[in-house]
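The structure appears below as structure tokens.
Chain nomenclature is as follows: A, B, C, D, E and F, assigned in order of appearance, with residue numbering initiated at 1 for each chain independently.
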Amino acid sequence: MKTIVVRNIKRTDAELVKRLGALGVATVHEAYGRYGLMKPYLRPVWQGGEAAGTAVTVLAHPGDNWMIHVAVEQCQPGDVLVVGCSADNTDGMFGDLLATSLMARGVRGLVIDAGVRDAKSLREMGFPVWSKAISAKGTVKSTLGAVNVPVVCGGVNVEPGDVVIADEDGVVVIPKADAAEVVAKGEKRLADEAGKREKLAAGILGLDMYNMREPLKKAGLVYVDELPED
Amino acid sequence: MKTIVVRNIKRTDAELVKRLGALGVATVHEAYGRYGLMKPYLRPVWQGGEAAGTAVTVLAHPGDNWMIHVAVEQCQPGDVLVVGCSADNTDGMFGDLLATSLMARGVRGLVIDAGVRDAKSLREMGFPVWSKAISAKGTVKSTLGAVNVPVVCGGVNVEPGDVVIADEDGVVVIPKADAAEVVAKGEKRLADEAGKREKLAAGILGLDMYNMREPLKKAGLVYVDELPED
Amino acid sequence: MKTIVVRNIKRTDAELVKRLGALGVATVHEAYGRYGLMKPYLRPVWQGGEAAGTAVTVLAHPGDNWMIHVAVEQCQPGDVLVVGCSADNTDGMFGDLLATSLMARGVRGLVIDAGVRDAKSLREMGFPVWSKAISAKGTVKSTLGAVNVPVVCGGVNVEPGDVVIADEDGVVVIPKADAAEVVAKGEKRLADEAGKREKLAAGILGLDMYNMREPLKKAGLVYVDELPED
Amino acid sequence: MKTIVVRNIKRTDAELVKRLGALGVATVHEAYGRYGLMKPYLRPVWQGGEAAGTAVTVLAHPGDNWMIHVAVEQCQPGDVLVVGCSADNTDGMFGDLLATSLMARGVRGLVIDAGVRDAKSLREMGFPVWSKAISAKGTVKSTLGAVNVPVVCGGVNVEPGDVVIADEDGVVVIPKADAAEVVAKGEKRLADEAGKREKLAAGILGLDMYNMREPLKKAGLVYVDELPED
Amino acid sequence: MKTIVVRNIKRTDAELVKRLGALGVATVHEAYGRYGLMKPYLRPVWQGGEAAGTAVTVLAHPGDNWMIHVAVEQCQPGDVLVVGCSADNTDGMFGDLLATSLMARGVRGLVIDAGVRDAKSLREMGFPVWSKAISAKGTVKSTLGAVNVPVVCGGVNVEPGDVVIADEDGVVVIPKADAAEVVAKGEKRLADEAGKREKLAAGILGLDMYNMREPLKKAGLVYVDELPED
Amino acid sequence: MKTIVVRNIKRTDAELVKRLGALGVATVHEAYGRYGLMKPYLRPVWQGGEAAGTAVTVLAHPGDNWMIHVAVEQCQPGDVLVVGCSADNTDGMFGDLLATSLMARGVRGLVIDAGVRDAKSLREMGFPVWSKAISAKGTVKSTLGAVNVPVVCGGVNVEPGDVVIADEDGVVVIPKADAAEVVAKGEKRLADEAGKREKLAAGILGLDMYNMREPLKKAGLVYVDELPED
């Protein structure tokens, strides 16, 4: 492991990020073949927050937020800060002072595989955060990590500049190289869904709309009137 | 395991369901002798939702929501859909399209031993859901399960047609055969509680109201003025 | 283990409690050298609740709330009830009737290493509770424990009369003997933070404000333009 | 919930139990369509234990082993005792004295959705146990449950007399009515596997032996020489 | 929190420690009224290890084993080292070099609310350890804690000099002041158990031996021949 | 996500792999700056197994082991198979038939972020496996993933051809490019440790051997004779 800060990263095109953000996590994740979703233990600190941006990444040791301070300087408007740790941790490695700094730089949110504190302030400031825990447990600043190297966060490998989309359904990461394709597939999905919702609301069954009856029968599903006696 | 769909189930009487719903989960659970409560990891997806209905049950494999689509057709107004899985799972097996379908059929809510997605839409639609997780992770439709067979959900065995009551305190299941008795006991409890609340608010101690002083003394409780030195 | 109730406990001075409450959990915890914080699985039952008070302690067996009833009588205005259990437990050992009693006595909140029920009522009553779970699972009243003896709750040893501060960031406990010193340190921290927040909002980097550049360099942090090829 | 003890239960035929035991958990579970497996948190207390028998069931409250004492009398040679609890629990509800009693009655093992104690003695006595935890935490005898009613254990509903097979891979339950069919399917599976093992050991690929190449290609799997550049 | 090392601690009498060790964890825990048991997530690193000694305590920050090095010097023959952390942690804070040091000083074992490494060496050296995890994750030496102050470990408050008994059933802590009484009660329990074991092995039922039939009947237990129809 | 199989991967030099294996997980992990360690929930299925090899990687959906069958063909002598999943899962995705295939190809072990079955056979065959769970739960073969693409396993990103070292202390991954440097540093550490062990066994304190007394004093550690009164 090299304890480095990488200054120049290639960010995904802002227009693609915006369109992925408009699609939302569930649609983007489906459009990407159901990969790239962080584990569901990463939850929004406050309800209603949403974020779409390009990843600036931090690799930290648990209970040590020194590298987050270092990372702030590398952030640009439109970024999302992504923090991975070298071991499981729930300490509050991030609070309202760091959030103030990130907001001043136009950062759109934080995804952290650890805890955060000042939950109430974060909500009042409107800075969206996805974390593993809320904990007042403070941290030291004693061990180096790295900034803008690939990091694993919530079970997903994130490269600097990748797209990060986060909402109430979780956090999904799309590699730069795949962003355009996922936008296209996702927008098509969304368009299809609108029509489906109307039909379903009108009482048309998914069984019929998706033509499932035949494959279900072929797979062996049997309809009976009563539960058979043992 | 038979991969079947049972069409005709015997639902608990709607009037009993309504009265159990009015009692709420905590009272119903006490009235049933403190059994029938699903494990507390099943939490409401949005605060304030409540549901009382008759169970239509789904047995599914994790990450596969094919049988939920099948189950929609078996639902009637007043039902609550209950989904059990053959292994632990947090995938988002249910989202707003399925919720649209269920609402169109008059279903009162969903209890699922897995994850759901489209959390924000579910809240906006007002469709109450109790789940193990929120996760955008989508699912396949490839393996059969069963509909309206007994399923274990949240650690409780649910028979089709049983009463399901769910609120912020959790989810409780009352077998058809016991519903009338539980209504009677629960309504009596509730009547008793109102008076108690007033007394307690007036400062009367539970110790006196419940006549606990004597049994506590008999059990060996001792009052001392100071913590004894070691 | 002696099954006793200690009547006279030495409570921390009310003025100190008030000032610690004004500081909030995160600041108090830092000021105490990052000790005394309960584990982050203890979460507020409803958002926005805050409590600061002196501990009345209960040692209970899981699933048995007899001793909580006993403890009510020992509570005074300004207390916070702290309940530890002899084994892990999520049962709903506390509900709205006990909350009514505690409010009638001027108690400021409950911290319980177990579950609670009547979550909706607790929110509506405005009685703040920090618990491990929400569960309708009721309890028995059959085994003695103790009141106002030292108890471990959320991984922290709490002595009767200690200060308990709880908010959205968690629960912190300060021993009586350390309260004055923690107030002093905490108030100094808070004063320092206000100025920092302004600077950070204006775009000044923490790297500069905290003079981190030199120690980072000395520790070996290297800035590079591009991620080195493997 | 009725607090009853059911004396007469219909046990699965002993010959079928024996043959299911010879197949082992993994094969039986597959032969039953991948249903009926208890959750993997249930682990053998000592390595190498195996059990196959007919279920005598206990429904208990956590931390209370009164009903296990009651159940002993209902056990016959060839039974496996299955204990479910009304809430999550790790207390040591079973130890070497109860094991002595069960061995005296010819019981083949214990499956308990809670903790056990005297782990060393259980191993030395050779009494096989599958539990959720090992814990010295003792229990009370104060609340009634039931014996030989259906109970949920490890996420599976167990009816009295059902077949319980347990080994290092876990615990599987087969309903009486399905035992004969599962024996037949399982024995066929096992016969098929022996041949497969030889072929695989000789280096024949599963890809070829199971004819997977065509369906993989059809599903869209592509072989490339190098990982494509992003 | 004071960052201190306390040199002189009052150790429990060695003879009492020895007799408590001979009783084993389960008996000692019962004799102490079912209190004092650490949570069951603390497990022996290798099977068969047992330890009984007087506590030397360490309060550490997670991922930092500096204070364990400090504590070694305070250990005497017959001690057990007990390490609590200020937050949850699974890092390997202890390995074979520290074990070599402790063995050189006659220490009987380690109980640590975190991880350990060199599991194989610890087994080969015969140094018994109870820990929360096995993990190679190393630690830093950068933050002070304390030695021989009260610490919470596995949910139990441990005072320096208290008795620590550990075996396959877990870890129990008996305060100095209670050791003599617990020895007396425990030895009486053990004597009683021997006779019971013989009777149970001979087929006498616990129901009769413990005279449970009458209280069960009074509590409302009913024997029926068949499970009642719903 | 592309559903591809990459045929040609660049494996780390076999001599380096061998020397890293000789160092063991704890030393390698330290030599790599305390990064690269998989989470401690990955445990050896049987005690005493060790493996050192080059990674062949599999990206699978939970409950679906189709891609493991595909991966077997890509394995060479000296490889370790590493399986990551797109969501949390404990199903038994690997058993003795697949192990037979891998052994026939000279594969040294399996690391899988899911469950395995046939635990007893795996131990008897001597095929070392590190997994998240043991579970008989079988799997389907219905959804494509990928082989020899980067995968996250146990929280670590693994590139095909990276070094995987696994023993009782866990699993550590060293990127190809860093292997030589880690070997050098690790062998130096090991040489240093031998001398230290002798000194510690002779009773020399780590405090003196590591010259900690001065830095501890400077950091503020105070030795006192008695615990100060509160």
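The rule is short, and it goes like this: contacts are C-beta pairs under 8 Å (C-beta built on N, C-alpha and C of every residue); 3 or more make two chains touch, one makes a residue touch a chain.
In this text the structure is predicted, and so the values were computed from the model without any measurement.
Student: What is the chain whose Cα centroid lies farthest from the Cα centroid of chain B?
Tutor: F
Student: Name the chain whose C-alpha centroid is most distant from the C-alpha centroid of chain D.
Tutor: C
Student: If I list every residue number at the interface of chain A and chain C, are over half of them used by both copies, so same, or under half, so different?
Tutor: Different-residue interface.
Student: Using mean C-alpha positions as chain centres, tell me how far chain E is from chain F in Å, no decimals.
Tutor: Taking the average C-alpha coordinate of chain E and of chain F, the gap between them is 30 Å.
Student: On a C-alpha centroid basis, what's the spacing between chain B and chain D, in Å?
Tutor: About 27 Å, centre to centre.
Student: Give me the residue numbers in chain B that touch at least two other chains, ranges are fine.
Tutor: 3, 34, 37, 61, 86-88, 90, 135, 137
Student: Using the touch rule from the top, collect the residues of chain D that touch chain F in their complex.
Tutor: These residues of chain D touch chain F: 25-26, 29-30, 34, 37, 40, 43, 48, 167-170, 172, 193, 196-197, 200-203, 205-207, 210, 212, 216, 219-228.
Student: Please name which positions on chain B make contact with chain D in the complex.
Tutor: Residues of chain B touching chain D: 1, 3, 32-37, 39, 59, 61, 86-88, 150, 152, 155-157, 178.
Student: Of all residues in chain B, which touch chain F in the complex?
Tutor: Residues 61-63, 86-91, 135, 137, 140, 142-143.
Student: Touching chain C in the complex: which residues of chain A?
Tutor: Per the touch definition, chain A meets chain C at residues 2-9, 66, 69-70, 72-73, 90, 92, 95-98, 100-101, 103-105, 115, 117-120, 133-138, 141, 144, 148-149, 160.
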